[in-house]
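Labels for the chains are A, B, C, D, E and F, by order of writing; each one numbers its residues from 1.
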Amino acid sequence: MTNVPHPDEFRHNRAEGNDALRTTGSVVESFFALDGAAYAPGALPKGIKELMGLVISVTKDCEECVYYHLEQCEQEGVGREQVLEALHIAMVGAGSVTVPLLRRAIIFMDRLPGLAKPT
Amino acid sequence: MTNVPHPDEFRHNRAEGNDALRTTGSVVESFFALDGAAYAPGALPKGIKELMGLVISVTKDCEECVYYHLEQCEQEGVGREQVLEALHIAMVGAGSVTVPLLRRAIIFMDRLPGLAKPT
Amino acid sequence: MTNVPHPDEFRHNRAEGNDALRTTGSVVESFFALDGAAYAPGALPKGIKELMGLVISVTKDCEECVYYHLEQCEQEGVGREQVLEALHIAMVGAGSVTVPLLRRAIIFMDRLPGLAKPT
Amino acid sequence: MTNVPHPDEFRHNRAEGNDALRTTGSVVESFFALDGAAYAPGALPKGIKELMGLVISVTKDCEECVYYHLEQCEQEGVGREQVLEALHIAMVGAGSVTVPLLRRAIIFMDRLPGLAKPT
Amino acid sequence: MTNVPHPDEFRHNRAEGNDALRTTGSVVESFFALDGAAYAPGALPKGIKELMGLVISVTKDCEECVYYHLEQCEQEGVGREQVLEALHIAMVGAGSVTVPLLRRAIIFMDRLPGLAKPT
Amino acid sequence: MTNVPHPDEFRHNRAEGNDALRTTGSVVESFFALDGAAYAPGALPKGIKELMGLVISVTKDCEECVYYHLEQCEQEGVGREQVLEALHIAMVGAGSVTVPLLRRAIIFMDRLPGLAKPT
């Protein structure tokens, strides 16, 4: 059972890892650019796209992707209630096997000022 | 290689199948109610939630779920460009194994007046 | 959207396909033998093991595996209510993306005398 | 590579996490109630249902779900040999990618008095 | 239970579908270009890369992807025994839930002159 | 977020865990033998088969399997560029949800003398 990382530690490790991955070839560079293009604001605002990335991440069981999209949601000004409703849709869509990752998501959210549970 | 169903045929078969499933026990009834609750408008509008259901369906390779959420998107007035951007996010998120289902999604969209390619 | 096969047609196609697969090498032969060993009655009766095969098949979205394990359940004298409870557990475990396959499972069950809905 | 948690620590963290998740909305409350209903004894005894939850958890690669269902199996008096046969079915059903989680399951079982390897 | 398509029909439908998908936006164009770049010969020959695409397709249960990579293997001069060994690795890796798709793969191979069973 | 293990620690834990798993029944013994048979050199050399095991492991999100196949690749004399091309194929095939595991794979490779980044 892994621990939920602190956002700063997560950001640092993720950036470092992506830099190393990027040096392995142009396919990675292009993939990252493509990913950026898909999430750029268009007919849908970026915040909504980040929520979509979040539900994909939960239902595909990608822990670090969940943390990343939560951070992006916070940065785009998505509200806590909006994030929670997205998580609930993911839970219903992919069932009880998502619950452990949802538990972590809630813990991580509480470490992000913009998404933390109001006290 | 299955054929893409016509929306009316799809709706009919889905409704009939769900009715049969519903008679198998209260767990199904409760699950369907829960699903309805998760997709009800709240902090996020229903159209955005249907787009989330769509990306989950593509990335989890659920063909009939894709058709269902496309229909719901049309009904909620979600635009073609918004649906396409959601499909692109799903493609990037879950990779080339989503492509066959995306091909079907495009065919099905063209049979829904509100989402069809403008001529 | 594929059609649900009739049990006799399904059995015939499956047997023919497995025979062809078996001729492709000893790894397949050994795998099939291993599969037989795992499902042989032991500390758990065969009927219960077939129910387990069924829930795996639903949650891993393996349509033909679902039909096969339903047939095996019928042959082992597993009752309709027991099968339905197993399907409900699969639905809760893997969420709404299982629903299309559950709809097919109900149709297939109704074509198996030992598992059909009582009239 | 995560460490296998001790059962008491696991139980504590899981309960705490589920409580936090529960406060995020009625969809979660309803989902947990539904999960309880699906696993309640009926045509199948609770122990058999927990074994089904276990095979789903292994084949869907849900580590904490595996620990939870192992605990529930122990509580229902399911025997070690029955659990092992269920794990073997999961291994054959979902292949060698289940092996790392099966290794953890064996370690966790040995920490549960009712399921530990006899010495 | 879907039917295995004939290679010409498959090629035609796939090309038509990909053309339609490509018109939906530059993200798709870029993704297809990226896919082409990943499969281009480099430190590994193209035939080996197509075999890798094949095992991914089997283990991720992507039926049309399997047909596509089989065709590409044939075109690259990969031999029947090499393809079968790759399929066996996929079977062991992802377990018995791959068997239905493997049955289809064998049927499709027999329709490709370069990969058909010698008579 | 788990830490990437050191190869020696990984090897030790894996061997110990597999030994414990092997004692749980003949199904496991047979499965391990089958796995060995599938990866034995035949029409394809062992190194290529290990690369296939690697792409399966990435796309099925099996972290320890990735480390194992990287070690096997090193042992078979597969080169760093060949491994990287295989990882890129996996990334394109299964999308951005593979990225966290790819980050770990790169770190682990750098701890294997035969696959480390040249300095």
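Simple rule for what comes next: a residue touches a chain if its C-beta (ideal position, glycine included) is under 8 Å from a C-beta of that chain, and two chains touch if they have at least 3 such contacts.
All figures in this text were calculated on a predicted structure; none of them were measured in a lab.
Contacts with subunit E and subunit F are shared by A, B, C, D.
Shared contact partners of subunit B and subunit E, listed by label, are A, C, D, F. Comparing the CA-atom centres of all chains against that of subunit D, the greatest distance is found for E. With chains reduced to the mean position of their C-alpha atoms, the one farthest from subunit C is A. Between the two copies, subunit B and subunit C, the Cα superposition rotates by 120°, quoted to the nearest 5.
Per-chain CA centroids place subunit D at a distance of 26 Å from subunit F.
Averaged C-alpha coordinates put the centre of subunit B at 36 Å from the centre of subunit F.
Subunit F has its Cα centroid 31 Å from the Cα centroid of subunit C.
Each of the following residues of subunit A touches two or more other chains: 2, 27, 31, 34-35, 38, 56-57, 59-61, 84-85, 88, 91-94, 96-97.
Taken pairwise by the contact criterion, the protein chains are fully connected, each one touching every other. Interface of subunit C with subunit E (complex): residues 2-5, 9-10, 13-14, 17-18, 20-21, 23-25, 27-28, 31, 35, 56-57, 60-65, 67.
Of all residues in subunit E, only 26-27, 30-31, 33-34, 37-38 touch subunit A in the complex they form. Contact residues of subunit B toward subunit F in the complex are 59, 91-98. Contact residues on subunit E toward subunit F in their complex (touch as defined above): 34-35, 38-39, 42-44, 48-49, 51-53, 55-57, 59-60, 79, 81-82, 84-86, 88-94. Within the complex formed with subunit C, the residues of subunit E that make contact are 1-2, 61, 84-85, 87-88, 91-92, 96-97, 99-100, 102-104, 106-107, 117.
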